[in-house]
Every structure is written in C-alpha cells, then in structure tokens.
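Please go over the structures that come below.
Common to both upcoming complexes is chain A, partnered first by chain B, then by chain C.
Entry: the complex of A and B
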C-alpha cells in the first residue's frame, strides 16, 4: 500500500511540473498547445545526452528548461508572427521535434543507469540515512515542485504575469495598455514549454533512461490533470489554482494506478481516462447550473 | 453527484488495497510485463511460463502470475512496474527492451530481481556490462538476430538479387542496432541495403510503396511497429511479386517467404529456467550473465514460394524446423 501511494505521489508530482506548463497555455492563455508532446521528450533527450557527456545532472535540468523555452518560442512565433492557427502551430512544432529529439539523442533509447542523476549520486549515498532511501525520490520531487510552484506563483503576481493572464481573458486590455499581446503569448508559451521540458528531463533521470516514445500522450495527461484539478477544487477558496493543478495531476495518476492495480488492461486505460474526464466535466457543469438556478 | 463519485473512487482505492494485501503462504508471485502485443513477444511469454513449469513453478498451483501489457506506452509501462512492486512480487519478468529498462530502473533498491527477454542488445541498453555480466539485480536473454545466416539464406534463395529493402521504426533502438549489423555484413554477400525509416504505423503504406520500387526483396527485423503491420506490407509486396523475408517463425506463418530465426518460445523457456534458479534461491540475478540462443533454424512457407514462383533450396527445406504450406491470416 505504501509503495503504491509512494508511486502515485512520485509520478503525480513529477507530472505536475508538466501540468503547470499546460495550465499556463490552456487555462491562462486559452491556447491548446500540442507542442508539449514534443517538448516532454525534448527535455529528456537534452538531460540524458548531457549527463552521458559528464555534465552535473542538476545543471542539465537548467539546459532542458531553456531548450524547452526555445521550442515554446518557436511555437509562439509560428502562431503570432506567421498567423498560423494555435492548434496547427503546436502540431507543426510537435511533429518537427520528433526528428529534432532523435537528432539530439542520436538514437531512440539511451540508458543512463551507470551515471549519476539527481536521484542517485554520491551525495545521497553518503549523507542520506538508509531508512530514508526509499523516500528520497519523492522528497527530491517535492522540493523541485515546491520551488517551481513558488516561482510560478510569484511570476504570475508580477506585471508580466498580470499581462499573461489578461492575454487569455481579455486581449483588448493588453492592447489598450499599449503592450504587444503577441509578445505576451510567446512569453507564456516559452514558460509553459520550459516547464514541460523540465518535467521530461526529471522523468528521464528518475526512470534511468530516455525513450523517444514516452512523449506520446503527454498533452492528454496534462489537459486531463488541469481540468480535474481546476474543476474539482474550483470552489475551495484557499487552494490556489496552481495547487489545484498539482493535485489534479496526482488524482489523475492515482486513477491510472488504481486501474492498473485492479488488473484492467493497458489497452483500456485511455477509455478510463476519457470517462474520468467526462465525469469531472459533467459534475462541474452540474454544479454551475445549480448555482445559476438558485 | 460529486460525493457519490468520490465515494466510488475511495471504495475502489480501498478494494485495491485489500486485493494487494491478500497474499497466501508458499505461493510464489511473479509479474510479467510485456511491452507490446505481437506474436514473437507472446511466444516469449508462453515459453517463459513453460520454462518455469519445467522447473517446478506451475501457474495456479504454486505460482501466481500477474500479467500486464503496456501496449507500447512507456509511461504506462512504468506504472505497471510500480504496481508490481506494490504487490510485492518475488520477481519481475520484462519482455522487450523498454520494459526491461523500466523494470530495472524501477526496482533499484527494492530487492526484486528482474529477468528480461527479447532484449536485442543488453549491453547497449545498459542492462549488462560488455563482458556479459550483470549491472545489478537483473539478468535475462537476448534475441540478437542471426544476420549473416539470414543474408546467406537470402543469397541461396535469390541468386540474382542485389538490393534488400529493410523498413524500420526510427524510435526502436532494437532495429537500429540490427540495421547497423546488416549494413556491415551486406557487402560480403553481394547485397546493398536500402533502408526506409518510419515514425509511426501510419507511415507504412506510403513507405512500402516507395521502397518496393527500389528493391529485389524485403527483409524484416524484429521491429515492433513494422511487424504489427506486416500483413499490409505483404499485401503490397505480393502484388508486385517481391519476396519478403521474415525474422522469425510467426512472420513466416503469416506470409513471409522464409526466415532464419530463433524460436521465441525456446528463448522464453530458457529465460523461465533462469528465473526458476533465482526463485529457488540457487543463484542471484546479479551473478548471472545474460544468455543468447545460438541455434538458429530455417522456417519456410511453400505456399508463398509457389505463389512467387520461387523454388526454395532443397538443403534448407530439409533442415527446416518447420515448413508451412498455407498462409495463416
């Protein structure tokens, strides 16, 4: 039981970093960004290649973050400057990134079992007591998530963050403030994809190898988590939306873990995901209608 | 409405806990995680179960098997491994490279041995050291392809052929290492290899049409995506009377002309025997080298040969492990 909860928390929190990225594009910018299916493995490819060349694993996360941001900027430029529709810009970047990722990695599968990662290194071997070892993965992920969340929350309170939120709700406001709404969108996409690539990098380090196919379906997981989180916790005032999104990611992973644990075949999991999706949407609408009627 | 749903979710969670804790004495539990759904890997699994049985571990008697298939989704594969760990299985059997890596990565510090099979290159996958010794609590069997034997066979069947077409998925590392070997050995047999890399199964029809224009025959690897779409490829190749060679028995059964291949059932059986040694406590996975099958057999399909107007060389047919005279759909 403990292992299963530990597994859910690890996976859920790890993916919540990606989910925060999807939250920025989908919820704040109202931009359904499909490029994340490419940026998730992009982060993995970058971190794994750099680690196998001997770079400090923590430092590789920074590189993954920035390379992810660059991918986001490209999606943004395609959309804003070349006026390609949002959905299509994402698809273009996602498709192209598949080849780019293979180029960066050199091949489709790279193991880093024999290298140090943020989860396995001399420091942990030396200073972490034996008893804590099974939890160290979770502890490290919690620390990263807390840092990311704190930075993101602070950013959203800044002027640039306000503009970001305005760009999704009310583009006219951004223009009336004499700000370039296109630039705001590009910044949003950059931050979002940077977070997704960061999550992909941490994921690859956690499982000990990079595998190109692991990006497929990232956007579905992200959207499901964002919707579960924001809908399930929308009426609970003291929970910030970013926290709700993180909780959504954990709930999503818990549902998948429970389904697997009950012996449901993997081929049915997508159906379960979509059903869960639908239930959450219906429940939240149900409640909204009641509020309106009253 | 919302409360009901939470109630359902909570009870589902509770149920899974109860199921997880329900463990009887003296019954060994193993988890088998398979990466994809196709004939070779299925044979591997069945062979594995047989290998355990031959060594005293009989399913539903003293052995409980939890089986799950990731359907080529690595993220799900990871969660399958986490599930096995939470069910406290005594051993994890992982079929195909990504699954083996998930299992090994996931069970570090967990004291659960991993036995893999159908991993083409365990050294490249960092599951074994270059001297074949294990890198941790993990061992298994490799399904490395008999490349030179296959090329010699193609030369014997098609004395005038020059170009061999190989389709592979750019995301499958098994295929990439096999292609490298084919490229290196082809010239020795007077062949040129024409490659066609695809990204997804959806690319196959177009890629097949294009490559068929350029080659004298096609040759399959153990590429999961290509093998899964083999009937579509065979259909197109047959229309142009271009022979397709398989990489193992299942492919010959469904319409490839011939193959020098390994028997995945035997490979699985060998792996099962290794797993039994570990379960009995006679050996640790960490002290076992990975093994390969060094006997390869010829498989031929006389119906396909007849349709193509090709006569299979007699010495090959005589030594065949199995000849098929129909195409199984």
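Entry: the complex of A and C
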C-alpha cells in the first residue's frame, strides 16, 4: 500500500511540472497547445543523450528546459507570424518533433541505467542514510516541484507575468498597452514547453531510459490535471491556482492507479487516460451548468 | 494634429459583396480638439477609428500624426500615443486580474514589461487617489477582480487606464452605448473632465446626439463614408439638437431606416 501511495505521489508530482506548463497555455493564455505531446519526450531525449555523453545530470535538465522553450517558440511563431490556428500549430510541431526526437536520440529507446542521474548517484549513495533511500526519489521531486512552483508564482507577479495573464484574459488590452500580443503569446508558449520538456527529462531520468512513445497522451494528462485542480479547489481562496494544479495532477494519478488496481491491464492505460479525461470534462461541465441554473 | 488623406477603404474586395466605404475621404483634426462624431449605422464612424488606430488596413491613402506618416505602423506601435475606450466595457480591462493589477499595468504603458515586480507598492496611494476621483468606491476594492464589477464601473476604469499615461489622442468608440442612462451620464462627465484636464485631442463616436451637441468643440456627422456636417466652435454652439436630428432623419430615410 505504501509503495502504491509513494508511486502516486512521485508520478503525480513529477507530472505536475508538465501540468504547470499546460496550465500556462490552457488556462492563462487560453491556447490549447498540443505540442506538449512532442516536447515531453523531447526533454527526455535531450537529457538521456547528454547524460550518455557524460554531462552532469542536473545540468542536462537546464538544456532540456531550453530546448523545450525553443519548441514552444516554434509553435508560437507558426501561430502568430503565419496565422495558423492554435490547435493546428500544436499538431504540426507535435508531429514534427516525433522525428526530431528520434534524430536526437538516434533510436526509439535508450537505457541509461549504467549512468548517474539526479536520482541515482554517488552523492546519494554516500550521504543519504539507508532508511531514507526508498523516499529519496520523492524528496528530490518535491524539491524540484517547489522550486519550479516558486519561480512560476514569482514570474506571474512580475510586469512580464502581468502581461502574460493579460494576453489570455483580454488581448485587446495588451495592444492598448502598446505591446505586441503575439510576442507575449510566444513567450508564454516558450515557458510552458520549457516546463514540459523539463518534466520529460526528469521522467526519463527517473525511469532510467528514454522511450519515444513516452509523450503520447501528455496533453490529455495535463489538461485533465489542470481541470481537476482548478475545478476542485476553485472555491478555496487560500490555495493558489498553481498549488491547485499540482494537487490536481496527484489526484489524477491516483484515479489512474485506482483504475489499474481494479484489475485493468496496464496496456489499457491510454484508454483509462482518455476515459478519465472525458469523465472529468463531463462532470466539470455539469457543475458549471448547475451553477448557472441556480 | 491628425490627418487622414485621400482614404480609400473597400470591404470584401474582389467578391460579389464588395462595397466601398471610403472614397477620397479627408479629415484633419487639430491638436487639442474634442471632436464628436455621429452618423447612422454603417456610415463609417467606427471604421474611421479602426483605420486611425491601425486595427484594419486601408486600401490607399495616408494617415499622418503631426506630419509623420503612420499608415503602415502596426496597431500596437500606434497605441503608444493613442488611448482607446471601446463600446464593450470588457475590452478595456482584464476581468480575471484585480483592480490594483489592472491599474499597475496601465501605469506601466510605454515602459518595459520586464521581470520587476508587477505592482509598485509606492504607487498604490496614487492609484487610490485616482480611483477615488470616480466616486464609485473602487479605491477600497483594490484586490477585487475587475470581472466582478458592473459595466459602468469597468468602463470608468477603462477610461482611467487609457488616459493614465501621457497620450496624444483619446479615441472613444461609442463608449457610453452599453451603459444605462445614468451611468452613461456619469462616464460622459468623467470623460469631459479628463479631456479638459489632460488637454488631449479626442475623437468620440457616439449615437447619443445630446452628448454630441453638449460635449466637445467640433461635431461631425458621417453618412456613407463622407462627412456631411462638420461644424466647430461658435458654429457648433449655434446648432441645436433639433437641427442635427432633422439632418439625421433625412439621411436615415435615405437609407431606408
């Protein structure tokens, strides 16, 4: 039981970094960004290749972050400069990234079990007491999530962050403030995809391998988590939306774990993912309708 | 000084629905003028504002501000010198952000939006003072999201925000049309006060002939992409609502309204 809960927390928190990215595009910018299905494994490919070339695993996360940002910028440019619809821009980048990821990685699956990662290294072997070892993965993920959340919260309170929120809220005002709303969108997509790639990189390091199909369904998981988080905690004032989104990600993973523990085979995972998403969409709509009727 | 020179504007060019709105349209507005623009639907009032602001492209002609051509300047660059209030009160503010955050953003116009704190705490008192001039009690609701305010309150904020930093032109696009009569009066008085205080060149499109007669020092009536009535100063003061209403009825009958 404990291992199951530990697993849910680990996965939920790990995916919450990606979910924060989806939160930026879907909730703040009002841009359904499908490119995350490609940027999640992109982060994994970058980190795994760099680790296998001998780079410090922590440093590879930074690279994954920036490469993810680049992918987001490309989605943004396709949408803003070439005026392609938001969904289609994401699909174009997502599809193209599949091949890019294969090129970066060289093949569809690369193990890094024999290399050091942020979860398995000499430092941990040496300084972490035996009793803590089962929890070290969770602890590391919690630390990263807290850092990412703090930075994102801080960013959203800056002038640039205000403008990002304004762009999703009322883009006419951004123009009135003499700012290019397209540029603001591109910045938002860059940050979002950077976070998604970071999550993908950490995921690959945690798993100990890169797998090209890792990304399939990322956007659905992200959207489901964002919707759960924002709907479930919207009436609780003191919980920040970023916290709510992180909690949403954990709840979502718990739901998947429950479905699997009910006896569904692991091969049904994607079916569970999409069905859960559908249920969440229907339930949250239902709640909105009731509020309107009242 | 704003000049519109030989403006041509077609809608749906190259299709069966092609229609010509402006043909050789010329208009010049002097610095410090407060111009009211009236006219029937489809007469080109809002299109004229959109052309000035760069929201829609023109087919030929020139737009000059102080003899500098801005015809090809993107909308957001023009916005540096223009403040605009829309008919829809939701257009001038961010509904999911607080009053304070909205004010802080407006205050930062024409300055870089960098990674510094979004709200400068030292300016809060100034925002409170500015808001209290509205007499709507907004100064005590700084942390309330703008989306929960009424249309009139939002429009008052939109007006404040668009004129918070120095601008050369104030563009009012039927900005009282979506408000109840009492609130509309309040917003109109506020507009007049701000325009006089800041001495900003103002173009106000309105469907309210009473406002057009009462406020501003020049009145233009538009019809089919032309200005058919244009009086300023003493001439304008001499024209009554009845004169203007009569002219307005004539053009309306022509349109079949």
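Here is the rule we go by: the second predicted complex is superposed on the first by the 264 of 294 C-alpha atoms of A that agree within 3 Å, B and C clash if a C-alpha of one lies under 4 Å from a C-alpha of the other, contacts with A are read in each partner's own complex, and residues count from 1 in each chain.
Here, a contact is a pair of C-beta atoms (placed from the backbone, for glycine too) under 8 Å apart; a residue touches a chain by one contact, two chains touch by 3 or more.
Predicted model only: the values in this text are computed from it and were never measured.
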item	value
Touched partner set for A:121, first chain B, second chain C, both or neither	neither
Contacts of A:172 with chain B and chain C, given as first, second, both or neither	second
Touched partner set for A:213, first chain B, second chain C, both or neither	first
Which of chain B and chain C A:257 touches, first, second, both or neither	first
Touched partner set for A:181, first chain B, second chain C, both or neither	second
First (chain B), second (chain C), both or neither touched by A:102	first
First, second, both or neither for A:159, with chain B first and chain C second	second
Comparison of chain B and chain C by chain A residues contacted	B
Contact residues common to both interfaces of chain A (with chain B and with chain C)	none
Chain C to chain A touching residues, read off their complex	74-77, 79-80, 83-84, 86, 90-97, 101, 104-106, 108-110, 112-119, 162
Chain A-touching residues of chain B, taken from the complex the two chains share	1-2, 5, 9, 12-13, 15-17, 19-21, 37, 66, 68-76, 78-80, 82-83, 85-88, 97-98, 101-102, 104-106, 108-110, 124-127, 135-136, 170-173, 176, 199
Chain A - residues contacting chain B, complex	1, 3-4, 7, 11, 98, 102, 107-109, 111-114, 120, 133-134, 206-209, 211-214, 216-217, 221, 253-258, 260-263, 265-267, 269, 279, 282-283, 286-287
Chain C contact footprint on chain A (complex, rising order)	155, 157-163, 165-166, 169-170, 172-181
